[in-house]
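You will see two complexes here that share chain A, one where it goes with chain B and one where it goes with chain C.
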Partner chain A sequence: MIAYIIRRILYAIPILIGVNILTFLLFFVVNSPDDMARMFLGQKHVTEEQIEDWKSERGYHQPLFYNAEEEGVEKLTQTIFYTKSVRLFVFDFGRSDSGRDISFDISQRMWPSLAIAVPQLIVGLLVTISLALLIAFFRGTYIDYWAVVICVALMSISSLFYIIGGQFVMGKVLRVVPISGFEDGVFGIKFLILPVLIGIIGGIGSSTRWYRTIFLEEINKDYVRTARAKGISEQMVLFKHVLRNAMIPILTGVVVILPLLFMGSLITESFFGIPGLGSYTIDAINRQDFSIVRSMVFLGAVLYIIGLLLTDISYTLVDPRVRLN
Partner chain B sequence: MMFGKPVFLITDVLIFFLVFVIILFFAYAMRKPHLRKPWRQVVRSKAGVISIMVLMLYVCIGILDSMHFNPKVENSSKDGDIQYSGEIQSVFDLIVSDIRNSTEKTYSAPFAAYLFAKETVQLEDGTKIREHPRLTWGGAHLANPELEKGADILRLAITGLVKALVVWLVLMTLLCLLLSVRAKKSFFAVTKNIAKGASDIPWRTIAVTLAVLLAVILVGAEWAAKYHVLGTDKVGEDVLYQALKSIRTGVVIGTLTTLLMLPFAITLGIMAGYFRGWVDDVIQYLYTTLNSIPGVLLIAAAVLMLNVYMGKHAEDFASLTERADMRLLFLCLILGLTSWTGLCRLLRAETLKLREVDFVQAASAFGVGPTQTIFRHIMPNMMHIVLITIVLDFSGLVLAEAVLSYINIGVDPTMNSWGNMINSARLEMAREPVVWWSLAASLFFMFTMVLFANLFADVVRDALDPRIAKS
Partner chain C sequence: MNSRSVILIIIAIALFIGACSDGAWNNPYPSDRKGKSANVIYSSFSERPKRLDPVSSYSSNEYQFIAQIYEPPLQYHYLLRPYTLVPLTASRLPEVRYFGEGGVLVDENAVDSIKYSEYTIKINKGIQFQPHPAFAINNKGDLVNLNLTAKDLEGIHVLSDFEAIGSRELTAEDYVYQIKRIASPYLHSPIAGVMSDYIVGFDDFRKQASEKYPNPNEGWHDLRDIKLDGVRVVDRYTYRIRINGKYPQLVYWMAMPFFAPMAWEAEKFYAQDGMEERNISLNWYPVGTGPFMLTENNPNLRMVMEKNPNFHGERYPSEGEPEDYENGLLKDAGKRLPLIDKAVYSLEKETIPYWSKFLQGYYDASSVSSDSFDQAIQFGSGGDFQLTELMQDKGIQLATAVTTSILYMGFNMTDPVVGGDSEQSRFLRRAISIAVDYEEYISIFANGRGVAAQGPVPPGIFGNIAGESGINPFVYDWKFGEPKRKGIEVALDLMEQAGYKDGIDPNTGKPLVLNFDTPSAGPDAKAQLNWMRKQYQKLGIQLVIRATDYNRFQEKMRNGTSQIFQWGWNADYPDPENFFFLLYGPNAKVKHHGENAANYANPEFDRLFEKMKNIQNGPERLATIKEMTKIAQQDAPWLWGFHPKAFSLFHSWYQNVKPNLMANNLLKYRRVVSEDRQAKREAWNKPNYWPLILVGIFLLASLIPAVIAFRKRERSTLK
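Entry: the complex of A and B
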């Protein structure tokens, strides 16, 4: 098992190197730091000195790959590639274009993101699995048919509508919860209810339909027929046999996204004014802060790879048929 | 040229190319029984025909809106030569030129005859009062809007309905005649069959859908000729016009993204599965790497870089429309870059399976080279996967456009799109009373297109997927 995990981790390294080179190409080669400086300072009436100042403040004044002016190893380390890209591997994100420490910001902002994402995931799973099981119980009837149609309709509504509609109805008309904002501690819960609720409702359509398909696939298998033939009641069959086996694909599907929960949701967080990583990224995009976007791209890739790793491990844990090789 | 000089934007060319390919494909598929069979199943399901008809309506508007031209400048033919304005219009603009040119000062509610906001108006005797001024276009034909408006709207609706009924009756008669000639039965027998819903292809469903669509279009047209049916936005532009113009953006993003990524996904997927070994390793590495970057972030990074690039090369674009079009194309490319990996993986797995199948083995035993084997035996056998992906991705891409435009990494802000409409309208929800129509219109238009695209995708998948077809 440990050898397997180590092998998987080693396999992740070239992928991270690939991500790193890709982001480097995208941010520094497609457009030179000069272009970025011009963009940031405004297109016209920019002097060469201003551009040089802007670049040296942020460490963009060095050459891309090879610094001929330095001695020894510094020829390679005093370059944009080393300071901006290679340092990402030790999670040294450096400073944002506006001068703040990115690592510190991330460590501060991941908690609000988690406060939204974790309850949303857990409650959402419970709701959608129960609904899907209920639909699977009524399979082949009109209830099943219309439930699927409703799921498709729910899927077709833009997530923006759920958020805007939810804020309007709950926050403005009914005035049950505040429209947006965030607060630490127990009193912060009132700010969390609406985003969590909207996140769950927004996901009901697609997840329920997807889980229903998984359940139905399982229901048609031979062991379920055997169980029924033995005279076990339908409820027993569903809960004892179908649910347990269907949980394998459902849970492994969830494991992939677990690490990404840290990143938060871009849209939800910016609509509700939650100071998480999602709104951090959005702000960076709107302010054209390239350092932050670059860091978040790398962080996202690392988390995704961890998710894949966890998925593989969880497969081997829950499904004894999977062999490690 | 009647209206002006035609202009071909890049996305226009690609859209027409796509239409051409689709027509070619169906012309080819209709002659092969094994390809015809799944599509027969599609047109025999009720959900299938309804969604095809609604989507056709959207696509037709999108295509009309893709025929661009520089309009002729009026009174310009002094010495015989015609001058063209630099502005780019589309044939669709020409059709709806009434509501296109009917701008007001600022917000007005749907069917309103008065402006939404109060303004200070000077009366003839010099006194100033604050009131809602009359609109310059919406309901301008009414002498006394308070009393006449309801009756007028009803009258227009009835006119529209009557027109719709006439058109519908003509179309249905033609259809029944055609069917009766083809089936060699009497006209009345065919009509009765359709009315009972006993036909093979659900003609009755088609008839009802057609009636509903005709009624909506013609009543809408009657209303739109006199009122702002969905109100006007902040700068007084008609919301219905914006929502209709946004259709093209949605259709372009939903179709071109997949079209642009298909060559990569198909080539790489088949190569990985067919050649295996190091080719497979390299291709797998490529898509795992791309896939491991969260899609939104990759798009955000790429669009940020695109902004910088476009800022640097601003002089390369002749007009704002061309610039926006270029950006739309890039957005499609970037979205394609993040979405080709899924299809590539599917195709790789399918090729791995297919290359071991007897007929492929036999082909290589006869000495058929890899290129020929791939083109003759492998590609045709996975077209169903490609087709299913095209229709399944469509709705997701349309929804993604709205979200991306909201966070300013979507289409150009000057371009009409549902995302941009939502983005500019969401702050208006805080007004008292609420300005809801812009938001409602964009969400409704987007919802109908995505809903029917989803239904259509389900039907197509059921028909094409061999695993489902067997069970």
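Entry: the complex of A and C
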């Protein structure tokens, strides 16, 4: 297994280089270094000289990929791409264009994102798996039919609707939780209730429907029929046999998103004023802060690769037949 | 765990959370601040301020903070109108002397013979900086935090981790140091370009600074020893600025944070090794003499300003406009400022939660967004704005003011079709000026919050003429005591005179095609762009919308490849020069990289501008402005667009509110009646938990048939 993991890590390097090049190209197609300077320096009274100085101080005065004026290897190293990207591979994110330490900011802002995402994931999983099992139990009945209809309806509604509706009902009409905001420590719990609740409700439709499909697939297999023939109660069949064997596809979906929980949710964080990494990224895009954008995209790619690797490893844990080699 | 235990746990959590809060469950502020924070203002910010350094900060979300912390020598009088400059840290307004050839004193009106102007500013004695580690001294009087080693910085993560703090008296040297910072080649002050035209020796200083400190990113750039010829310390409390020629607008800049003092110790303190790695910088922790100091800077969540214990005893103004007495704005006359202890700004990115929290009493004031307009404002029988019953019931008040800004539609005067000085193009521009109905635009897209512009100068600024004599006679007629837009037939006549009868381009035999460049491309902008297309359609012109992102839009503007565009300008200071310079030829964007986006150039207009900018407000200046306005109206390089109206709502406990569009340091005048606020918050935010209990009972009740169905299903034969 160790050889497999090492191989996967080595595979990750060209993927990350590719992600970096793509991010770099997409960013600089839309924003030139001049645009970035203007965004930072403001719109009024800015002179060309100030723009050149700003670019020069931050290394944006160099060519993007190839520096024809340099000699030898410096043709490649004295470029914006090289100087801004290479240190990412040792997880040195450097400083943002406004001078802040990006690693420090990430370390500060990942906790609010996690505070929302972790309970949302755990409680959401418990709720949706239970509901899906229940629906599977009532398969072929009106309960099953209407449950699927409700799930489709729930998954068709925009997450923005859940957020605004939730804020209106819980915060404004019932006045039981703050509409938005965030605090550290115990006092912060009341700020988490609404976004977590909305996240769970917003995810019920799609997750329940998906898990139901997985359970129904399992429920018709021979081993389930054998279990029933042995006189095991339907409850036991579902929870002991079907649930365990349905874990592989569930794990595929869950483990892969575990590392991405750090990255936060753009809309939820924005509407609830949560200082997480989702809003950090969207702010950076709005400010054309390339240093943060590339760092967050790189981090997202790394976490996704880790998630895929963890998924593979988790297969071996839930299914002894799976071997990584 | 049975269902009873679950319910008990839920109730326990709810009670615990309720106990943590300040009475109401939905209170977003921690209860531990209740006792200490009675005299607090609650506000918000939607975006992290990019910089908090007075040398480079220039946007409103930055001024919201630094204008309360840094004090330039002058400020705008809070209540008097028209906007009037008064001393802040200065003991009186600057004394100005004018020098001619050979250094002889000349009269201020002899503009042509003025070679230099000299501003002498005397500041008050005894003003202290806020407590800060940069000023900490030991028993011997040595500054202890300016030569810190890596070991000294162990355990330091934020500014408040420094134990030793101190203060010192403000001196003229601090003001001079800041002006040198404006001139620094590495601090990118947005006004460096403007100042280099005026302050004597500015460019030479930049050159010397570049030579002395060739690496912009290395260490502290001590600017004290580099000579800036035009700025010098006269004595401990007096400094002098010498500028080329005459520039009366300099005093307005002296009321902006650019000219606020900077202590060299603060700059050196932040430039030490290890500070930047800890994000301890001047952009994060300002150091000033103002009424407030930033005590918590977590712009991902909250920024808190508290009263500066060293603040010099400025008093609430004792004079105002007649209506200010009636409105109770002079009740605090003579009281020591600031009137509050603290201001808490919470991060609030979206307008919907902000608005809801304002209605709940958790924010003291709010602007009126288009989403909340109908909920807040209604039109009275006379077409005037009134608060809705909901607002009136809550005791909310409304303050409105026409902003000192303009949103205009410009023609690129270098364009061969719409630009140029020919009669044909002039008629075309004037026809379009009539056809695009800005009154309708204001009504549809701004909820009536705006005043159609007659020229470049907004109301409230010298040079704006109200009434019949102030209308744009090429677009409006004066009827029934108000300006009425000319009929479309007049515009069609002009089109014919321009050679485009019924909008047909004689070169192609097809409708004239014009291009409108805009950075607005989202769904919200679609209605506006369709409306714009229809306005041109009235003349038979086919308007092509060229929507792009803001970067490309700016590029087009710089290169002069746009044809028609929409843009705006907010006044830097209340002087007509700050608007007319947007049409001044040598300020053209394409040729001179200036702010004249239309690239308008009219020699007579330029001559009058040069004259107007150097004379004091008075009949002569007004006459010149009238002439300039007439030329601009005739040439029509802009559709003058409109001046937006700012609407702000505030609760009854939030007092001393008078819109002042020039001053940014208004927090010190505000007062809150915290008992009133607390009572209303509690009354408005009683938790309504019965629906939740009912939902819980319903869910529990639904368990019974669910269990029955479950058991039935379990016993049935599976299919």
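Keep in mind that, in the parts below, the second predicted complex is superposed on the first by the 288 of 325 C-alpha atoms of A that agree within 3 Å, B and C clash if a C-alpha of one lies under 4 Å from a C-alpha of the other, contacts with A are read in each partner's own complex, and residues count from 1 in each chain.
By our rule, a contact is a pair of C-beta atoms (placed from the backbone, for glycine too) under 8 Å apart; a residue touches a chain by one contact, two chains touch by 3 or more.
Note that the coordinates shown come from a computational prediction; the quantities given were computed from them, not determined experimentally.
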item	value
Touching partner for A:Ser279 - first (chain B), second (chain C), both, neither	second
Partner chain(s) touched by A:Ser270 [first = chain B, second = chain C, both, neither]	both
Which superposed partner A:Phe262 touches (first chain B, second chain C, both, neither)	neither
First, second, both or neither for A:Thr47, with chain B first and chain C second	second
Touched partner set for A:Tyr162, first chain B, second chain C, both or neither	neither
Touching partner for A:Ser180 - first (chain B), second (chain C), both, neither	second
Chain B or chain C, by number of chain A residues touched	C
Partner chain in contact with A:Phe290 - chain B first, chain C second, else both or neither	first
First (chain B), second (chain C), both or neither touched by A:Tyr211	neither
Touched partner set for A:Val30, first chain B, second chain C, both or neither	both
Chain A residues contacted in one complex by chain B, in the other by chain C	30-31, 35, 38, 164, 167-168, 172, 270
Complex contact set, residues of chain C against chain A	13-14, 17, 20-21, 24-28, 30-31, 47-48, 50-51, 56, 58-59, 185-186, 188, 190-194, 216-217, 276-279, 281, 283, 298, 300-301, 346-350, 352-353, 356-357, 359-360, 549, 551, 554, 572, 593, 595, 685-689, 691-692, 709-710, 713-714, 718-719
Touching residues (chain side chain A, partner chain B) in the complex	14-15, 18-19, 22-23, 26-27, 30-31, 35-36, 38-39, 43, 152-153, 155-161, 164, 167-168, 172, 260, 263, 266-267, 270, 281-282, 285-286, 288, 290, 293-294, 296-297, 300-301, 304-305, 308
Touching residues on chain B, where the partner in the complex is chain A	285-286, 288-294, 296-298, 300-302, 304-305, 307-309, 311-312, 314, 395, 399, 402-403, 406-409, 418, 422, 426, 429, 434, 439, 443, 446-447, 450-451, 453-455, 458
In the complex, chain A residues that touch chain C	30-32, 35, 38, 40-42, 44-50, 53-54, 56-57, 95, 98-101, 104, 108-109, 137-138, 140-141, 143, 164, 167-168, 171-183, 186-187, 189-191, 193, 228, 233-235, 270-273, 275, 279-280, 283, 287
